[in-house]
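Note that chain A is present in both complexes that follow, paired respectively with chain B and with chain C.
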Partner chain A sequence: MAKYAMVIDLERCVGCRACMEACKVENDTPQAVFWMYVFRFEEGRYPNTRVWFLPRPCMHCDNAPCVKVCPVGARYKRPDGLVATDWERCIGCRYCEVACPYGVNYFNWKAPEKNYYLDWKDRDLGPVTHGATPPYKNPDLEKPYGPERRRIAGGGHLKGVIEKCTFCVHRVEKGQTTACAQACPVFAIQFGDLEDPNSTVSRLLKKRPHFRLLEEAGTQPRVFYLGGHPPGGEVRQIEGVKARV
Partner chain B sequence: MTARGEASRFETLPYGVGRLTGGWALLVVALLALVGWGAYAYSCQFVEGKVVTGMRNIGTMGGATWGLYIAFNVYFAGVACAGITVAALIRLLNLNALRAVARMAELLTVITLILGAFSVLADLGQPLRALINLPLYARPQSPFFGTFTLAIAGFLFDSLVYLYLAGRRDAYLMARYDTPLRPLYRAWAAGYRDTPAERERHRKTTFWLAIAIIPLFITAHSTLGLVFGLQVGRPGWYSALQTPAFVVLAGVSGVGLLLVIAAILRGYLREEQRLGTGVFRWLGAFLLVLTLAYLYFVVVKVLTGFYAGHHHEQQLTQLLLWGAYAPVFWGSVLLLALPAGLLLLQAITGRWNIPALVACGVMVNLAAIGKRYLIVVPSQTHMSLLPYGPGFYAPTWVEYSIIVGLFALGALLYALFVKVFPIMDVPEEGVR
Partner chain C sequence: MGVKLTRRTFLKGAAALTAFVALGRLLDGRLNTLVSTGPPSPSSAAGEQWVPTTCWIGKQDCGMLARVVDGRVVTLEGNPAHPRNRGTLCPKGVAQIMALYDPNRVKTPLIRTNEKGVPGRFRPASWEEALTLVAEKIKEVRAKDPKLILWQKGRSKGGAIYDDAFVKTIGATKVGHGTYCADAGLRAAEYTIGPRGGAHPDFRHTRYLLSWGWNLTNAGGNKLCFITWNQQFMEARERGMKVVHIDPRLRPAGPFADEWLPIRPGTDLALALALCHALIAQGTIDREYLKKYTNAPFLVKEDGLFLRVGDKEQVWDLKSKALKPFDAQDLDPALEGEFTVDGARVKPAFQLFKEHVARYTPEWAAEVCGLPAEQVRRVARELAENAMIGSTIVLEGVTLPYRPVSMMFYHMSQQELGFQACRAMFILFMLLGAIEAVGGVRVDFTWKVDSNYEALERVKVKDPPYDYTLKDSKFFPINSVNPGMIAKMMLDPQKYQVDKVPEMAILHMVNPVVSFTDQPLFLEAYKRFKFVVALDPWLSRTADLFADVVLPAATLEKYEGPLGATDQYTDATAFRLPVMEPLYQSKGELDIYLDLCEAAGLLYGKGGYLDHLNKELGLKDPYKLDLNAKPTVREIFDRWARSQGLAEGIAYFEKNGVWVKGPFSPKKYYGYAQSPPFGGIRHRLYGESLLRLQQEMQAKGAERVYWQDYTPFPTWREPTMWKSPPQYDLTLISYKMIEFKQSRSSQIPLLAELAPQQRLAMNPAAARARGIRDGDEVWVESHNALTGETRRVKVKVELTEAIRPDVVGMPHHYGEVARHPWAKGQGPTPNTLFFAGEGYVTNTNDNSFHVRVRVYKA
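Up next is the complex of A and B:
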């Protein structure tokens, strides 16, 4: 059985947010929803300041607080380590969201038809696409996955349910990597199987010191960071996104 | 039978049962209008989604994902638990002076539990799905499990049984009157004849039910405290104090509201004899002890937050004491300290003043609502462990309307019950 994990090299990350964009396009997420988010931090005092970046997907914790609190088992941990959300079972109580210390959960506050990152019905889009309307929904996002056959990919975006980063389960089950890792121009994001000693993630973690976010919370995340350090109280967010629906 | 004849048949019933006055009808119409307004607001939310509320995601959206609905769910559940517990204590400790408020407390519990359940439904993104998925897939590991089973379902069932059993004798006595309500009383009495053997059986049953209610109250309301107190990832929530403080504040709000209801009914029914100063003295003393205990919890929480707390705990404490939430915090503390002082003064002098007690009941309830809000909201808007920056939450007209609608629904159910069934024990000598 695979044991999936993500390794993010903070020394490589240039804060371009291509991973955020790729995630939005791949998963067709609604406006103001960032399953992958990149913090842009500044620390120190002028002239001795430093700017650095911290990509933040879902941590897919082994001891996930969101899984513990879900009253109906819509949020669950798969044997391969992915923390999945069954959007057909979710009742929209948002307990997972308040329990998560990483702020990775997004509730669908309204029906997202006109709320996608790219509104294909937008008149201004016509000249760009020459009138072509790309498929509105990626059929892979709607399918059931895993032996339990539950709908856990980025489909749906139903009003009144919670969603979050799926580690691109629809791609991973086809043997592909996640969209964010695929899009990263500097190979800062790596995704793979920890059980395989020859995988890139295993070799990187063996070779280089690493940390995980908020380890003191006991959540045992599956996202590892190389280089850099966890964000302390002294960091300031540059142009923090405060997009709301 | 003419309308005049119908009215005269109700004249003999105790406690104004069946006598519909103009003032009462006006109140019912006003309450119905408010309930209708709340229902309209909910229909907007149901159709458009939670986007019509002021709630938004924690993190990049800088919001609070739980708001007024959850704060009021905790408030209603607290009032409910305290209501039936007072009724149980009256039964267990033979507090005959308080017997007049026993049914008021039982009814308060049943109604506020319904309101608590509705406020959870108002909060859920998929309420219809929840009605199916909660029974189908319930997980006891989730602290919400206790909220749905113990705090709402178990308590509602227990309270209804208690209300039913405790009312059988009165239903039997009321069935002696020839009124259109007789079939209802007969159904409620269900063959009860008030024989010595039946009385004894009832006494034993309600005694054991009352014994079961006390630990159920503590565990049920504790599970509600654990919904917050177990979350290590949310500074301000993760605390062993959360659970006992929840239980005590439940007592404060429940006894306070019962005081207000007893005073209103005292005036409305002109029952100065049965609802005499003795009743209010007892309730006032209860309220004093509980309010002082809760103030003690507030002081301890602030001290631990400041002295040994993690820097997030310190930030939260500062936020409450002189930050964005200071007005609500100090307002709530004042609305607890002032009644505590007033009650203490009355206890020392031995002069219990009913209007002053009612004012105390109102104040502690406003304080309880404020404290519930402070438990739910600031830890979401300002206490992310990752540096997202501060957020904000401002409820919208939809949330306010639904909450007002729920209060109106509660008052409406209370007003209707009072006209259908005696709100206090019927004295034997008053019945033909």
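Up next is the complex of A and C:
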């Protein structure tokens, strides 16, 4: 059984946010929703300033608080490590959003047709997109996945339902890597199987010092960071993107 | 070279390498990192295909694969086979999928019905009507003088097919954007070293890098762009390369600067000269290189001109203790000293340089540049230590000098002293012998001496009347051609002694009123064009205010090329291929130009567009275009591919996207590896012809502001902007953001969402002193030190400790597109505050992006 994890190299990340965009286009997330978010940080005082960047997807924790609190079992942990959200079962109570210390859950306040940047019902687009909203809508997101056959690829983005990073389950099950890892111009994001000692993620973790976010919370994330340091009280966020939770 | 994948491998359990990635030689083995993890699934669903193409937004045409399901593009991913991006994309590449479908694109040709200078009232027209109208105007103006048609580009993605073939067919005056880009550095490179470009490192071998104004985390660099340079940078850094970032802001370097020199804007020339001083004082210079491959040993007379016997420059040979021609065999020419020849005192150019930089001490530079003197000294020491002067390395059997010190500079050249600053920076690396050595400074992809190396030496200042580009004029003998100067000239042709002003403008993917400096100037000048036609996917602000006709251009839905695809080490070519039929009634630019030439009677026969396409594309028999039959665009490129020896023609690219020809051999690559080295040219430490030009300009009555920087050695003077009154106590600089690209992206909602509004970057100490807090709205007011004009814009402040207290910064990109819901309220462009013209251009007519400002609460 695979044991998926993500390894992010903070000594490579240039903070370009290609991963945020790739995630958004792959997973059709609505406006102001960012399953992958990249923090841009500043520390210190001129001229001893430091600038650095931190990509933050869902941690897919082994001891996930969100899984514990879901009253209907819509949020569950798969044997391969992915923490999934069954959007057919989710009742939108937002308890997972409260429980998660990483802030990765997004609640859909609006119906999707109202929340995708532009009016895609434009007459002239019809023959090409057949009214798809957004026009690049990914046909893979509505299907069921896993041996459990549950709808967990985030499709629909229905009003009243929670969504978050799925580790691109619809890609992983096809043998592809996550969209963020695919796009990253400097290969700072790696995704793979920790059960395989020769996988990139395994070899990186063996070779380089690493940390996880909020280790003290006991959540046991599956996302590891190489180099850098956890953001402490001294970091200031710069160039923040307005995201709506 | 086999594939050597260290540290990282493909995703275990992923689909096996598909055809896109399987060609081992594509990967070149040197990249110490993973190349792509996700080729398309081998079990593609029915109705799904992956169409190779290239990114339309950026500068370097990264390879892309479009996933198309039932005729609809669902996602864009990087093409793993393309050397420039190796399967990855920057945020713009990903987000352009929304640009493709944008219902706010111009859907039909538009014809203006109201006056200019105000938002346009356009009526939709058929292609036939619009092209007929434009063709008539072309014929009309050509009958007077074809040069009165100004073809202005912002970005052309087909030099051969647009800039060359189309422009030559029309006979138009071609004006680029280089003066707003990096051309001062290009002129410095062409003049000093030979090839054309700014400077980039031989990343595979360098160990010490001066990131000189390089916006590593947001923008490009010399020749190539974000993705390629960053990939090579990371590998070099992981090998231990040290990075010194020279910039008023730290943000561009992210966490990657080992040392930050927060330099005062406009003083890079002073720093470069001080580093030269320090190297000479340390004695750490490559004397052999200077003697053999530069004009450093050439003897200079007291009048500043070279001593010549016949036509030949002379040196003092230390072996024979006699005067000898510089190219005699078996010489040891003197670099220092003073000699008497026929009663005249002469000195080697290097001796003069040594004397010239004697006063440019690190302490002096510290004062001018606002840097600690010790930092300047330390960089000079480290450059010398890392340069390993005298060492060699063997690459593929060729022994070459090894000088692993380098720099990356590009846009920082566009400041008032930019030409001489870049000359000084090249001279710095000449002293180390690192030009075109292994690990050192490179300018172009392979060694190629640009025609300007000779041409700039031979410029003659002509008598008026001058061409409206001011070519060969007493104002700018070396002339990067500046649309801002053309605009100034249009408002006062007599001042510039021009008698024929342009009548018609063809705008090729350009937005002058927002992208070029001095917005009020362009708003005035563009009223003077009798006819303006814009080719653009959106209604730019320029087109909205001034276009008579707008022709909707396609984005990714077209054939375009051939496109360079090299990453500096691998030779490759790519094409933009259509991911779908053009949306709405848009057309690819080549389609537009073919139709336009046909309507204007300029398509067929000798001298027609088809004839020029044959020439500029280098089509060979039997694949040349028939001069009397109108081809499809696909057919043109099919013939090109066959002319190149690809038996499948364009189908090769339709299948693979990119044609990788293999690695460049060091013999083709390094200037030092040529036979003879550098093709036998001498690098110009001493710019004798610059002195001659200065004298010619003076003789023709040019004012000091034009000739003062035509000096044989880079010479420090205070920038003109420092003459502004003391209340203008801050300097405004500008920069690029990774989210946007020039004038074609800030309306794309996916990107605009990341950075929806203009912000002024300001140091907290400077803000506190002015009673300004984070998020406050302020006025930024600029001042022109020569004319006294002031401009101001209102903008919100974002505080940052990563900027000098006496500097404020504003990015470009905003407010570019008219009438787009996502472009509303984005805020001002710094181009409203920057000026054009005297005091704000280099001596080579390159525009400055510096100005003195004051900032106060709104």
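Structure notes:
Convention: the second predicted complex is superposed on the first by the 221 of 245 C-alpha atoms of A that agree within 3 Å, B and C clash if a C-alpha of one lies under 4 Å from a C-alpha of the other, contacts with A are read in each partner's own complex, and residues count from 1 in each chain.
The criterion applied here is as follows: a contact is a pair of C-beta atoms (placed from the backbone, for glycine too) under 8 Å apart; a residue touches a chain by one contact, two chains touch by 3 or more.
No experiment lies behind these values; they were computed from the predicted model shown.
With the C-alpha superposition on chain A as described, chain C and chain B fit side by side in the combined arrangement. Residue contacts after overlaying the shared chain place A:V161 against chain B, while chain C stays out of touching range. Using the contact criterion defined above for the overlaid structures, shared-chain residue A:K68 touches chain B, although it does not reach chain C.
In the superposition on chain A, A:V186 makes contact with chain C only, while chain B stays out of contact range.
For chain A, the partner that touches more of its residues is C, with chain B and chain C as the two candidates. Of the two partner chains placed by superposition, A:L194 touches none, neither chain B nor chain C. Judged by the touch definition given at the top, the superposed model places A:A32 against both chain B and chain C. Shared-chain residue A:L205: touches no atom of chain B or chain C.
By the touch criterion defined above, A:I91 lies against chain B but remains apart from chain C after alignment on the C-alpha atoms of chain A. Legend: residue contacts after superposition of the two complexes on their common chain; A:P139 is shown touching chain C, with no touch to chain B. In the superposed pair of complexes, A:V241 makes contact with chain B and with chain C alike. Between chain B and chain C the least C-alpha distance in the superposed model amounts to 12 Å. Touching of chain A by both chain B and chain C, each in its own complex, is seen for residues 32, 241-242.
Of all the residues in chain A, the ones that touch chain C in their complex are 2, 10-12, 14-18, 20-22, 24-26, 31-32, 42, 44-47, 49-53, 117-120, 122, 124-125, 128-130, 132, 134-139, 171, 174-177, 181-187, 190-193, 196, 198-200, 203-204, 207, 228, 238-239, 241-242.
For chain A in complex with chain B, the residues that touch the partner chain are 32, 34, 37, 39, 41, 56, 65, 68-74, 89-95, 97-111, 158-162, 213-214, 217-219, 231, 233, 235-237, 240-245.
Those residues of chain C whose C-beta lies close enough to touch chain A in the complex are 7-15, 33-39, 41, 43, 45, 69, 71-78, 85, 87-91, 93-95, 97-98, 101-104, 107, 216-218, 226-227, 230-231, 234, 250-251, 253-255, 260, 262, 580, 583-584, 738-739, 749-751, 753-756, 763, 765, 798, 800-805, 821-822.
In the complex of the two chains, the chain B residues touching chain A come out as 48-51, 55-63, 65-66, 123-127, 129-130, 133-134, 136-139, 141-145, 148, 227, 230-234, 311, 380, 384-389, 391.
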